[in-house]
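This report concerns only the one structure given below.
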């Protein structure tokens, strides 16, 4: 079992490493991730939302839908813990 | 042929399907329930008969239920071939209903409501098969018939019924899903349609001979209700059912639905011309001939009367397939005609077997010595029925066998003629001892005296069907005409 | 001195006077900091989630230094639960409200129809509103998680 | 960003991760995991992700660890592997 | 772009109601049922509205928060997602009728918690089918998972252990998916599916793209329990509380298959998947074939109705995955039709199982004897569901199987065709074994058996579902022509 | 040497994230203690977070908190500010991870109540009895 797990791990790691070959270098300001979307956020977010903390602006507004579900996720977690752990009264 | 859109085909199918509901509802009142049964059976005959004139005049009816797959609707269509089968089935159902009432009451069977309801659904499916306009609709009703007969086969709900029921479903469902369904799909893929068309739909697809052979064999084995060996084992097993079930379903409806489906495929999916062109007729005739001979030989060895009849049925069914496989018009007419002739003969035989069981409680031929003197009407009917099956004049079976023999000669396959003759001889060999024992052997010692004829409800139907098989020799006109129309003569 | 000794002996494992006193003094400041983090999320690192966790941590700290019952005395389970529900309700409610007032889902500028502050200001304010909601929800859930996991689900039976 | 500091922290992080899954005592493993989270959060802060670092500090190193400990106190401390 | 908010209300109704169920249900449990049924009823009606609107006016994209697509989160409402919305809401509505009495019986005192999680799960599923954003999909996937973990762990006995296994496997799946999304993000800098699809072909980076595809798909396969990765499903679904199983079993795997279709065609595109990598394509059909055959065989070994059904679910996953990867429109429409049909078939069978469990308690085969006499209506509906699973016309299952097999023939993948037929036969054996057990009785039981049906609130949806199976079967022509053909991705 | 160093600097934290992910993944599927599996899960998730945060990093850039008035008046050069999008995503991911951990811990307590152990093989042994 452990050997199998090790093999699975190594294979997964190898595939991931193979995938990193195409990655732009770390910290490259011209990487696709750094130029495509994020520039719009950095340049427009303050003007569009009046929130200087870009993370908050993106979190609360541009991707507010994600954040809403994030809140629901943690709400669910709380409920799930209660419902799993408590013994029912009857 | 021109078809007019009409609700009547649907009505003919639905009347007994919906009729199952009032039967179920009147669970606690047997008289009401059985009145319903007879009423529905009668209504069905009337509806089917009302469509007869139009069909005889070369017309037909069509009704589309739903369009489910591109180019393949669920559609009912009444043509000569369907009319032929529907007429046989609905008339015989009327007799069977009467007989069932007598039989079930005499034996005081349990769960009679379920029995009559399933019966109604089964006949509905049978008519559905008869009136199917395409292969998909036929398959639908074919499966409906398989499933609705399961409660009938396992009616007694004991260990034997359970085993037989399992065997029945394994054969029937297994072959229809495993062989018929893929054959149907490949056909659809090749032809783009599944409509029954005079002359076949596969001719235009340009498929090569090996593919066609594969499809044909899949279809023949797929419709295992026709009992082509080696997929015949379910039929003797299904004989555990109450006798009306055996007589009607396993003498007429179920098995003939299998044959009818194969005939439909040969006539209207492949088309005789295509089969002749790629020389596939021999495949059919070889399979059928083998089944005829083997089944007749096995029938000789059976002591249980119903099992002997079952093997006889297997053999007779292959006559019809054989006729179709000759690919000549006369042979095909003979094959189709044999559906009707055999139906009347075999149902008489089964009715008699049931009557003997009701009256004397006997199942085995070896116990039936001397019974003929006590139940003369039953035994006379049995004699008539067996003569018809053997193909003696003046009984209906002669007409179909004559056509078959002519077809064999016409197609130039004299070996088939030999098969017909040998099997007729074998038929005589396994039927005459029963009659002989009944009339001429002394009764075994210690036999109770009280044995007399079965109740009237049993006796009347079996007399009528026996007379019918006699009458069909003299007046075969209606069926002959329909059969000829079906093969295009 | 003796009194103190007796008291120390009576104390359960892990409880100490010094820690308890320190915690008692620290909790208000922690809570204040948590509120600051929520409110000031627009201008500095942090926001509803982090602030909520800090608020929740203050109760967890109480529970650690004293026991679970003490923290329940500060905020009963019913209140905690209501706060959690209200928190999520603020977020989803604002989202639906935006849709109801003619905008798209979560389009805060649509709320301009209620109080005209200007669409951009409403965006900023809307973010603030939902951050408060997130803060409440996260605080409540964190506390509830700790209560339940720390008591093994015995909350109902007096911890 | 100072890449050699980054690398140093990363190596520490990897060793913490290895330790966390190999230590037999679950309580120690949890605490080591807390350290791992804290180092991670340093790393992220140093990469400019202040919000993520803040969250990880409160959640990963704080709440998660506490929850783990709370659960372990109610179950068992030992681990066979 | 549109300003219609109708589909958002479909999602918001269960989400908001969940909060009220939690708050009010704590006060009195009598609030729970009307709230749940009201919200789901509203959702069902509204989703029908969405569907008719989409069919009428064409598909549209919706931007949450009114930010233009790659910036904000985009929702895609096309015929396929609208169809899924209808499916989810109606299945949830039907299931909840039956779940209410079951939960009151099994989880007394926890109804409000159960139904809060239940409603949020439904909202999550609805969000999943609409989203057009790769990361949003991850968040919603986690919502559905976390609620499912909780719901399953509420069961008795081994259920928490099964749930824990599910957590580990589910987290691996979600993490793999997230890794794949991360790779895509690093490659393209975008999270919007349409945007990514536009950028990807211009990039040279094949290694990272292949890795991303691999991880996203493997992640989803774990979540949908495709054959070698199915280990968590049987225990989790069969040990879950009956009420949870009613919702989770019909919907979760089906929605995940929908997601696979969405990701495959909206992000990577048919050209990359099928034309450039034919080996992968045929390999996947083989994998699906193996899944169908192995799961069917495993189902044969089960001695409990619910466990048997779970293995059938795994086999059905193989059907749909195979259908999608056949790479022709017949197979794909078959797969989509089968998503709808399979959800309803599974619902029908699980509803019947719930009704039986309500009266009989255990679902082991030995306890089912004589059920046709005791619960004729339930068993009749069960039989319809079973026929549909086997694929007997005119039930719905036959027609989707028809398209799948036809697609297999068209693509020349005969192994897949054989596997489908084989699985139909195995299903026939499985179900007729149960039907035979329930039809025959124990010795001496003939007189004793009385009719004792489940309460009407459980029977109603069961009958309705069974009827729907036949109606959908007969109406599959218009369904395929009118909706599913429109729902096929571009290029098919 | 110089080139080698450049490659290391360019990719090192992607490599180390793979190492971390492998550690976590191995713990999830190879360890038999259920708590260890959970710790592995958390490590796995932080590894993913590391990958995303690395993707957002830029050399010599500021943290994504700007001065409102300055930006409104003069604008901002995107290359000077760290990419905020991965941070947002990862905030969500952290929340998800802690939620799953919480639920899993609750379930662990239920399992312990039932079986008295958290070792997978011991539980299976007890189930086998």
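So that you can tell them apart, the chains are marked A, B, C, D, E and F in the order they are listed, and the count of residues begins at 1 in each.
Heads up, the rule we're going with is that a contact is a pair of C-beta atoms (placed from the backbone, for glycine too) under 8 Å apart; a residue touches a chain by one contact, two chains touch by 3 or more.
The shown structure was predicted, so the numbers you read here are calculated from the model rather than taken from an experiment.
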Winner on C-beta contact pairs when B-E is weighed against C-E: B-E
Far-end chain from subunit D, centres as C-alpha averages: B
Per Cα centroids, the chain farthest from subunit C: B
Distance from the mean Cα position of subunit E to that of subunit A, given in whole angstrom: 26
Interchain centroid distance [CA atoms averaged], subunit B/subunit F, Å: 71
Computed distance of Cα centres, subunit D from subunit B, in Å: 78
Whole-Å gap separating subunit A and subunit F, where each centre is the average of the chain's CA atoms: 9
Shared interface positions of subunit C, touching two or more other chains: 43-45, 47, 49, 88, 92, 95, 105-106, 108, 145, 148-149, 152-153
Where subunit D touches two or more other chains at once, by residue number: 1, 50-51, 55, 59, 63, 67, 70-71, 74
Residues of subunit F whose C-beta touches two or more other chains: 9, 12-13, 19, 21, 25-26, 29, 54-59, 61, 63-65, 68, 85-87, 89, 91-92, 95-96, 98-100, 102-103, 105-110
Sites on subunit F touched by subunit A in the complex: 9-15, 18-19, 21-22, 25-26, 29-30, 54-59, 61, 64-68, 71-72, 75-76, 78-79, 81, 83-89, 91-92, 95-96, 98-100, 102-103, 105-107, 109-110
Interface residues, subunit B side, partner subunit E - complex: 65-70, 73-74, 110, 136, 139-140, 143, 147, 151, 154, 157, 162, 165-166, 169-170, 173-174, 177-178, 181-182, 185-186, 188-189
Subunit C - residues contacting subunit E, complex: 81-82, 85, 88-89, 92-93, 95-96, 99, 103-109
Complex contacts: residues of subunit E adjacent to subunit A: 15, 22, 64-65, 67, 70-73, 107-110, 113-114, 116-117, 120, 123-124, 127, 133, 135-136, 139-140, 142-143, 146-147, 149-151, 153-154, 160, 179, 183, 185-191, 199, 204-212, 214-215
Subunit A to subunit F touching residues, read off their complex: 1-2, 5-6, 8-10, 12-13, 16-17, 20, 23, 25-29, 31, 33-35, 37-39, 41-43, 45-47, 50, 52-55, 57-59, 63, 66-67, 70, 73-74, 76-78, 80-81, 84-85
